[in-house]
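All chains are identified by letter, namely A, B, C, D and E, in their written order; residue positions are counted from 1 within each chain.
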Amino acid sequence: MIHHMLSTLLNKLWSGWGTLAGVFLIFALWQIGFEAFGSLVLPAPMEALGRLIDLVALPSGFEYILITAKRAFAGFLLASAFGISFGLIAGWSNTLSLLCKPFITVALGVPPIAWIVLALLWFGGDDGTPIFTVFISTLPLIFAGALQGVRMREKELDEMAKSFHVPLIQRFWQVQAPQIVSYLFPAWATALGLSWKVVVMAELLSSTRGIGAGLAEARVNIDTASTMAWIVIVVGLLLVIEGMLLNPVKDYVEGWKHAE
Amino acid sequence: MPNETAPLLSVVPNTSVDPKPSALSVTVKDHRYHPLQQTLAPCTLELAKGEVVSIIGPSGCGKSTFLRIAAGLIEASEGKISNASKRAAILFQEHRLLPWKSLLNNISFGLQGQKLTKFQRMKKAREVAYAMGFSEDDLIKYPSELSGGMRQRGALARALAVEPDLLFLDEPFSALDIGRRRDLYRQVLHEVDQKQCSVLMVTHDVTEALALSDRVLIMAPDPGHFAKEYEVPLPRSERTRQNLMDLEAGLLADDRIASLFNMSNWEKLV
Amino acid sequence: AAPSLSLYGPPVGPSVVLSYIANKGLLSEYTSKVDFSVYKSPDVLRAGFVSGDWKLAGTPSYVAANLSNKGLPVKMLNIMTWGMLYVLSYDGSVKSPADLAGEKIGMFFRNDMPDLVFGRVMQQNGLTEGKDYTLHYVSTPFEALQLLLSGRIKHCVLPEPAATAGMVKGKKLGKKIHRSIDLANEWASVTSGKGRFPMAGMMVHEDLLNVQPELIEGFHKACIEGTQWVKANPKEAAAVAAENIKLPAPVIAKSVPHTHLTAERAKDIQVELEQFYSILAEKNPSIIGGKLPSADFYL
Amino acid sequence: MIHHMLSTLLNKLWSGWGTLAGVFLIFALWQIGFEAFGSLVLPAPMEALGRLIDLVALPSGFEYILITAKRAFAGFLLASAFGISFGLIAGWSNTLSLLCKPFITVALGVPPIAWIVLALLWFGGDDGTPIFTVFISTLPLIFAGALQGVRMREKELDEMAKSFHVPLIQRFWQVQAPQIVSYLFPAWATALGLSWKVVVMAELLSSTRGIGAGLAEARVNIDTASTMAWIVIVVGLLLVIEGMLLNPVKDYVEGWKHAE
Amino acid sequence: MPNETAPLLSVVPNTSVDPKPSALSVTVKDHRYHPLQQTLAPCTLELAKGEVVSIIGPSGCGKSTFLRIAAGLIEASEGKISNASKRAAILFQEHRLLPWKSLLNNISFGLQGQKLTKFQRMKKAREVAYAMGFSEDDLIKYPSELSGGMRQRGALARALAVEPDLLFLDEPFSALDIGRRRDLYRQVLHEVDQKQCSVLMVTHDVTEALALSDRVLIMAPDPGHFAKEYEVPLPRSERTRQNLMDLEAGLLADDRIASLFNMSNWEKLV
């Protein structure tokens, strides 16, 4: 037991180191880019980091981050709810799957620029539009993951559970869900990352507050340091979310597969 | 060969001899997985309450298919089943434990069909697990960490835990050693004797079939049909290893059975 | 003659002149071939100049100042328009900024130059954003126009040629839209000077300046000539420009009179430019890169 | 055999009908939207379809479609090549996975707007920028799918193949690939759809030709009918690609799972 | 119990008796899946060329683990293996057929380790498949469409197809009927006799072990160790069913073995 916990801890540390190494590598490449292109294309990493501290120190900077995070999560949660539900339904019923597919294709293929006006009309210029954009952009991903999970499940295990008259709900949670999750999870994690990017783009187009608005302002001012500072914030938060939220969830849901 | 669907020996249902209430009655007229390939020819089975019936037959003849139809897992292309049992349980040929659940949770899994608290389920599962010879250490293992025989015992424990009144067993003891096997024979028979549980069992071990069953059905392939029905002449309590050897020898002395199993000159084992 | 010259401009009014210069061969004295292409976003402009491929482009005046302050070797050659921002409104009674009190106005891109100009004009009329009027921000003039035409907002600030396009479209749809306020006129109240502001002009890369100074002088002369011709013959000019700008020629033609085309050397109006920059920087200093450009920025 | 082929054919037909029903439903919703918002927000479907025919009839219209398709496929194929390679490598080696992760997070989290200038510098204003944008946007998806496929494979089957000294390449293609594909496929299909959307957005910002440029033109002219016509083209092509390319591929790679 | 690692009977390696070259020598000092749970105590095995050795023992005692170590699939926590074979093949307890390949392709799969054309591989696989009693119809079926016994035969066919000189078999016949089983016994023994193939087999069927092996190793659990080595006294050709019964009775008459299998009063089967 102790040995086991120790090795888990070492694993965690090692994984932390690996990620850090990757991050440092990225900063090194950035520095090289800065030296090659000059600060009008890529500002010096240190300058951007300095700017980052300034931005976050401002009350408005911190508020922007919170607003964006709220929108990203709201859109993502909505998309998860609908995407998983529809994915499950489409997986279970072939007919409904055929009916759902074109909607997903529309969500997948229509560029956000085309949604923006509709979204502005429906939801106004505040939170609604970015949330809707995130929703519509991440929905197809989550849908596809859930659908595949349902389709690729072992039918034999369903049969077994049915033979024991295990109630439908338990059958879903204990027999199907663990299999679905192994397909859904990577899609879901990618969608979470994507939602950050999308919310920023939507804010850039439609909003007066949030990281996207900050980025839009930096762009108007051709302020590459601020631009990169905002981007570092987005990517940094994403890395934190991955490390703090996704990895533990992943370890939990996939534990049985990687038990050595 | 596909035309040889007539039973080798005529099968006379012996309802007059055994007036016990019926637990299960299966009538398969035809079963095909592929439209052009008949897997089962007409087969009927009446299983009385508290009766143990075994099906033996060469590999791939359709035993598991018949069992799956009888258990209602798949539907025969043409046929009818009437099942009078309240609580049936199935042991699958390929264990079908849930890989993401520990052994104990796998055993208690089937109990969710019943109105029991979680605590009661766990208690029950633990009891059955101990009776199957599992140790405390084994209970927290995942199926991938179990030996072949342990998986099979786990699947059997899951089936027995629900206290079924009708048990379908598809080669339940095939991965077990002689000692464990005898323990489990006794446990299954205990269920039969105490709770009037009916058992339909598929096995390839003739001795095992003779030891446990009231009746043995012998299935022949291409397409699957019952070639012979054999009522074991001794009461279970009087069956000894030697007895059973003799019965087996008698059964295989029938030329058609011997040729079904390709057992000419069967005294030679290798 | 020397190698070919590429001109770049955004799809707006002054580019009509550039397109005329390129097509009529006004620079054949200096260079064999001149082409003109439209760019879609400031990012493209920035990339073009940073990479050194682009030497001469039309751009909002503040962008040139900003880039110069960021260390890009560019200079402002001239100013090609004295402001082309308008308030369009359904309400015929809106004649001056004061009439917009209590209204919601469509605006594209926050803290960009048009926003700052409009805000300053309103401020001059004693109106504060959020208190006396509200702005509905969208990302581009075309979304603002779409909202206006579909009736979601009643007033909106638009540049040329979007404003003209809006008028034309509105007419086609049978909607009565008025060109209510010319922000260039209103600028007089801000500066107590003329009713104009140096909105956009030509930005030159120093490399080109060093290699072919005579080309730059010739180009400016062509600008003067072109501007006069375009003003005099909007229809023909529009026909030429429609190729590049991808707008219907009639719309371009109609927008010419509202574009306040000009061709003033930056050096000549250095004071006016500096004043404009200072006013923009009041609310958003970063827009010009934090400081006024040095004197040799104005060619 | 004949019975089997017949039932396959019926299935195909039925699936065609289902998809058509979905498409008609979308058009019905669109019509409702048109009636509710007016043609300035949503043009009448018939008007947009009429415009579509005009657009495609123009030589430039057809050329735009070809250009965009070329860019989308180029970016998508690049992303597939890199995403699958890195995903496989990261799945096989934990250390490399740790190193790769931050790069994928960067690709996932950095909004395209921030790449545009870099892309323009690196690849110029022509095909390079949209292709790069597609590449960087779809890479994380494909990577995640491949990674999960490798991680969730049955180690027992690898062991079996190794015990027979089956050469590495066959082992990969015959043992690992079929398992990986079941995870990769939905991600890959989604990425293909996404690449259309992304290429259009990139063209909108940086290009003078292609569907995105057509869309920009339509926007400038407040020509909602043309806007929707372009979008119908994008979505329609996506539906066709799905029906013609993805579904058969899917049927092929997953045949063994759904053999009834 | 964990301390009872000493063999019940001393095992004397009989290299002097059999001067044949060694095919495999395994020395396990210790094996643990979990650091605190010893699965195998010290176990050694010398397998001579052309020799057949069986391991029997109660379920979960560590037979498969020992086989996996001997086959080099997993490494013992402490131990050493030297394998002189050119071509080893393994039959896994859980068949491990590739679900996305037809039976024929599964059988030919293992041949890819050899320099054969695709045509030769298919031909070889087909030959072996027919020898295992498969019909043409079966060859195109996917594993999910096969019966339990067919899967097992498929896995055995895959192993035999490579013409191994060292064969590891983990309960190779457990899902097969008596007739098929005898056919396969003969096929495996044919390989042994003709090609001097060495076999290490795990089984729970004592009769089977006695029928096929030169030596039988009996493994006891907690932790797994060889409790007894039993050399089958009769040459294979002289072994008959009756002979083997007697040998089995003799083996189980040893109290320690009987208690290992929990076989007190072993004449009673149920």
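The rule is short, and it goes like this: a residue touches a chain if its C-beta (ideal position, glycine included) is under 8 Å from a C-beta of that chain, and two chains touch if they have at least 3 such contacts.
Remember, it's a predicted structure, so these values are computed and weren't measured experimentally.
*Asks:* Steps needed, at minimum, to get from chain B to chain C via touching chains?
*Replies:* Between chain B and chain C, the shortest chain-hopping route counts 2.
*Asks:* Most contacts: which chain pair?
*Replies:* A-D
*Asks:* On a C-alpha centroid basis, what's the spacing between chain A and chain B, in Å?
*Replies:* Computed value for the inter-centroid distance: 50 Å.
*Asks:* Compute the distance, rounded to whole Å, between the mean C-alpha positions of chain C and chain D.
*Replies:* The computed centroid separation for chain C versus chain D comes out at 39 Å.
*Asks:* Could you put a whole-Å number on the gap between the CA centroids of chain A and chain D?
*Replies:* Chain centres of chain A and chain D, defined by C-alpha means, are spaced 18 Å apart.
*Asks:* Enumerate the residues of chain D that touch no fewer than two other chains.
*Replies:* Correct list: 37, 41, 113, 117, 121, 204, 219, 257.
*Asks:* Please list all residues of chain C that touch 2 or more other chains.
*Replies:* Only 43, 46-47, 50, 146, 150 qualify.
*Asks:* Could you pull out the residues of chain B that touch at least 2 other chains?
*Replies:* Touching at least two other chains: 94, 145.
*Asks:* Tell me, which parts of chain A touch chain D in their complex?
*Replies:* 14-15, 17-19, 21-23, 25-26, 33, 37, 41-42, 94-95, 97-103, 105-106, 108-114, 117-118, 121, 140-141, 144-145, 147-148, 151-152, 182-183, 185-187, 189-190, 193-194, 196-197, 200-201, 204, 212, 215, 219, 227-228, 231, 234-235, 238-239, 242, 254, 257-258
*Asks:* Contact residues on chain B for chain E in the complex?
*Replies:* Touch list, chain B to chain E: 33, 37, 56-60, 63-65, 93-94, 133, 137-138, 145-150, 153, 170-171, 174-180, 182-183, 185-186, 189, 204-207, 211-212, 236, 239-242, 244-245, 260-263, 266-270.
*Asks:* Residues of chain E touching chain D in their complex?
*Replies:* Interface residues on chain E, with respect to chain D: 71, 73, 87-90, 92, 94, 96, 98-101, 109-110, 112-113, 142, 144-145, 158, 162.
*Asks:* Give the list of chain A residues in touch with chain C in this complex.
*Replies:* 37-41, 116-117, 120-121, 125, 204-208, 213, 216-217, 219-223, 226
*Asks:* Can you list the chain A residues touching chain B in their complex?
*Replies:* Of all residues in chain A, those touching chain B are 156-157, 159-161, 163-167, 170, 174-175, 178, 255-257, 259.
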